[in-house]
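First chain A sits with chain B, and in the next complex the same chain sits with chain C.
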Partner chain A sequence: MDMPIPAGRAIVVQPRPGFKSLLPVLAVAAVAILPALPFVNPYVQAVVVRALIFIALGQAWNIVAGIGGLLSLGHGVFLGLGCYVTGILFNEIGLPPWFGVWAGVLVALLVALVMGSMTLRMRGVFFALATVAVSLACDQLARHFVDLTGGDSGLALRFLGDSLWAAQSRSPTPFVYAGLGFVVAYYGITRIILTSRFGLEMRAVRDDETAAAASGVRVFRTKLLGFLVSAAMTALAGGLYMQFYQAIDPESAFGLGQAIQLQLPALIGGLGTAAGPIVGGALMIVLSEVTNWGSTKLNLVGVDVLVYGLVLLMVVLWAPKGLVGMLSRRRVRR
Partner chain B sequence: MNDLGIALVPVGQALLSGVLVGGVYGLLSIGFSLAFGVMRIVNFAHGDLVMYGMYVGVVAATSFGIDPLFALPISFLLMALLGAAQYLFVFKRFVGSATLQQLLAAIGLGLVLQMLAQVVFGADTRSAPSMFSARYILIGPLFISAAQVVAFVVAVIATLVVEALLIGTRWGKAVRAVADDIEAAEIVGLSAQTINITAFALACGLAGVAGTIMVTYYPTDPSKGLSLMPIAIIATTIGGLGSIRGSFLGGIFCGVVQQLTAMLWSSALQDIPLYVLLLFFIAYRPTGLFGLRTE
Partner chain C sequence: MTGAPPALEVIGIGRRFGGLVALRDVSFTVQPGEVIGLIGPNGAGKSTLFEIISGNRAPSYGTIRYFGQDCTRTPMHQRRRDGLCRTFQKVRLFETMTVRENIAVAARQTTQPGGDWRTDVASVLERLRLDTQADRLPAEITLADRKKIEIGRAIAGHCRVLLLDESLSGLTHPEAEDLIREILALNQSSGITVVVVEHVLSVLAAMVKRLVVLHNATVIADGTPAEVAHDRQVIQAYLGTRQSALG
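Up next, the complex of A and B:
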């Protein structure tokens, strides 16, 4: 499968000491003091949380698609499972999301294991088609079993007000820190994978399956493991998604629009890079705020989806390496 | 009629409707399959061309007062032109391998087409009755819609024409040569670019025909294109990616499974067995029933 980023890019481009290495620390600090600033109202905080959630989801998708080169078009399945399982366990038996989310992760791992072991031995296109089919199947199932999932209108969490036990809050501030924690942790995981032997094997499989197999990489096992890691990370971030939005419905879990929102951060920022989903996710949320504002002004429905489609098309056609890819290429030349 | 006969009536009805609906599924799948078989392009926007074909029928019926059946050639031509434009602007650079970028480009294109349809035609459900709509044929205890019979006949004829074109003509030979080995085809003097454009335009024109014939019994809205894609994907995988007759039979198979599931279980879950079958075919028989190549 030919992907645009040659193997080892993330290792080749070593950040120069100085400002560049301070950048992540400064970014974390900037987000961390944000809620304390006087001009930052809850709306702005909520936008920041949205950005952090989609960055985390983008980081998870980036593992399978960017580093592994696997064409997962249905990562909404794992987001949805994380949300639904967490929410159902809380509403039905009162299990707090701190524990419930791990059940969601387990279910996601199970689904990913079945999907992966059935499709990952085949050419990439079959895996892609299977991920589409599984999302649509989940969509139909979620709409059908109304008693459990709330059907078309979705599942709303029982709201208890500010409660640490239920991981609920009226103010978005706790979610800024939770989201920041996710992004930092997922950034760390991505860096570890990129520099580890496992990450090297994943990229070898992505760039040339036959050559990787000839060099002793166990291709199927590597692909499956990458898929499982990414699915678990997505479901875990789904728990945060559920606690912040307090609700989930089939369209925002398994719909195509959501699938694209999970892909755009890594695509805009740079597939297979650790910083890519962070840059791309922030940009995507800014873009979606602007289009939301514009479409309310113009009183048009569906503008956001049109813009996402256009951005997807433009990025793939004209900037396949994403922003980070474009910048680091320039640095390599110099 | 005895008890067994009465019990079997719904099964016969489901089988009959399934075959008729499935014929049109087959028609919309062969275009999808052709683009993959010849150019290795997985066109997720294929369903949106079917949806535009449906709106061609709607516009013909409501704005011009023409029977959608007479709009079939126009629909074919319009969608073929739109397909050629898609090929030149988007898919040309991806010919030869279905990469992540290619799939994403097709999804982006599909979303743009869907939203443009929503801007132009609105989000409402529209239909376009033909002279055969609302007429039913009774065969013993079973009844079928005349519009579906006509659609099935059109689908069969279109599929046979495409097969004949690919097998019996010089152009078809050239298409198969380019599909097999693009470099070897160019060495012997074929222009791969011209052949790919015509093949892609044909695939998209077929989507238009499928849409226009379908709208005579199945109302449309801008999201219909996307909702038809799973059928095309499953019919093509079960029939064999790249095989024309395989995709057509795969479409009929999908129609029958849907109708039987709707009868025995629930019409809201009519696609679930298809998704499960898709996974099993991918795992154990990725070439499908009639697959041409393995890689």
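Up next, the complex of A and C:
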């Protein structure tokens, strides 16, 4: 909140302005110089891109679930629409992804509008179940229209090599910067929402819908707007996903596994906070790589997934409000 | 009173839940600036009526008029924006927000054109003596102050009629007296019309000049506390014997 604080008031959380305000700048600078470092090979860069894409997707989901309190379990729908629409328009009519991705955003917005209009008046688990149902429907549609989507085996982009026009590159380096741009922009959007009237309304609706309405908040409109913003952000990040991976299939787009992956950065990092999905997404990828490396070295197939899952479980148990939430609480105690 | 329309008109309101009749042809009027009490034993229909007046529930039949305008189908958020404000029987605050933010939610929706919501929030905090708690979370403060926050949220911005749903319950005697003073001060300084729902008659008698008594889904008495306290039907409803309901 940007409200004035009366003089002489003790504030509960005393921020350390110097280091705290420098931290995001340092993090951005560290990622930005990464490709220039001699020991950072394309594999490491690709890992960084994966992390940045999942952070961006987590940031988008955080808007609707973290700030708005709407448990969307089918957010993969919007990722899938962003990917498929961008890819189909490029493959079929040669529309470059710079434009195609906006068509994906538009389709995602339309689907979100229909979904939201039908389900956001429901409370509790009904909205979550409805989003799962739409995911399953999209999965079946993607498998059915084989000529357009590639069916079960998925859709691969026509690869043109290094091409700015087609937003394609053999090297992951451009995607590091694109991913970084997404994360910074989404961080900024989250901060703006959190300090805006709209953010205040979303938080009020999340805490108590009836009390929010009794305070004059248009509950349905607030939820729908939050859902639309989140869907658009997810579809836009889907465009980056498509250009980086060069392919998409129904399971990667609409599968339950993907839907859970989208939620983890915010859940681990801290729901409803601007920094949470960044911290959570970074931890997820580091953890995934370390466990993967360890299981390969020890030749223990599948142990990486088990360890990865256990560590995530421990994080969630120890820090139910996410790592950022846990750190904030510790600062308050001090 | 002048020729101005009543602040609130409840006209023949009825509400059924399946076979259960919660309200039957309930009618009464509240004049601008009045402080009235709406009382009745548990299950009398007070809460249902309160929900209907505030717009959280639709009546099966009947009409609600707010300063002469039919608002029966107006949603709750719009009624709040029009100045029809309420609290809840069980305090409902935005628990992840500070006291200041709780009040700001309403102020940002209802501050009138030309006004500044920040000023509104600051004045509500000061008026209810919550300014020293402004940056705390609701969970960190006492029940009496939580009730004050809810009242602050209800009056922030634009408020013409304040509906208080058992705001005094759970408070100690001095806390209740303090809150009554605050409510009466609001009424006198800002001209806010107040409707107080309580189930204990003696609590309200010291606070209001008029009482409407609900029993078995309908209005059984409407008058001064003294008149109501000696009303045969009221005594029967509260005590089952012929004594004064004020005890």
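Everything below uses one rule, namely that the second predicted complex is superposed on the first by the 291 of 334 C-alpha atoms of A that agree within 3 Å, B and C clash if a C-alpha of one lies under 4 Å from a C-alpha of the other, contacts with A are read in each partner's own complex, and residues count from 1 in each chain.
FYI, a residue touches a chain if its C-beta (ideal position, glycine included) is under 8 Å from a C-beta of that chain, and two chains touch if they have at least 3 such contacts.
All of these numbers come straight from a predicted model, not from anything done at the bench.
Engineer: What is the contact status of A:A211 with respect to chain B (first) and chain C (second): first, second, both, or neither?
Structural biologist: In the superposed model, A:A211 contacts chain C only, not chain B.
Engineer: Contacts for A:L22 in the overlay, against chain B (first) and chain C (second): which applies, first, second, both or neither?
Structural biologist: neither
Engineer: Chain A residues in contact: does chain B have more, or chain C?
Structural biologist: B
Engineer: A:A32 contacts which: chain B (first), chain C (second), both, neither?
Structural biologist: neither
Engineer: For A:V219, using the defined touch cut-off, is the partner it touches chain B, chain C, both, or neither? Pick first, second, both or neither.
Structural biologist: Only chain C; A:V219 stays clear of chain B.
Engineer: Determine, under the contact definition given at the top, whether A:R123 touches first (chain B), second (chain C), both, or neither.
Structural biologist: The first partner, chain B, only.
Engineer: Touch test for A:L200: chain B only (first), chain C only (second), both, or neither?
Structural biologist: Only chain C; A:L200 stays clear of chain B.
Engineer: Where on chain A do the contacts from chain B and from chain C line up?
Structural biologist: Chain A residues touching both partners: 1, 3-4.
Engineer: Given the complex with chain A, which residues does chain B contribute to the contact?
Structural biologist: Result: residues 42, 90, 93, 97-101, 103-105, 107-112, 114-116, 118-119, 123, 226, 229-230, 233-234, 237, 241, 266, 268-269, 271-272, 275-276, 278-280, 282-283, 286, 295 of chain B touch chain A.
Engineer: Could you pull out which chain C residues touch chain A in their complex?
Structural biologist: Within the complex, chain C touches chain A at residues 54, 56, 75-77, 80-81, 85-86, 88, 92-98, 100-101, 104-106, 108-110, 118, 121-122, 131-132, 134-137, 153-154, 157.
Engineer: Hey, which residues of chain A end up touching chain C in the complex?
Structural biologist: It comes out as residues 1, 3-6, 9-12, 197, 200-201, 203-204, 206-208, 210-219, 272.
Engineer: Tell me, which parts of chain A touch chain B in their complex?
Structural biologist: Going by the criterion above, the answer is residues 1-4, 65, 69, 71, 73, 115, 117-119, 121-130, 132-134, 136-137, 140-141, 143-144, 256, 260, 263, 267, 271, 300-303, 305-306, 308-314, 316-317, 320.
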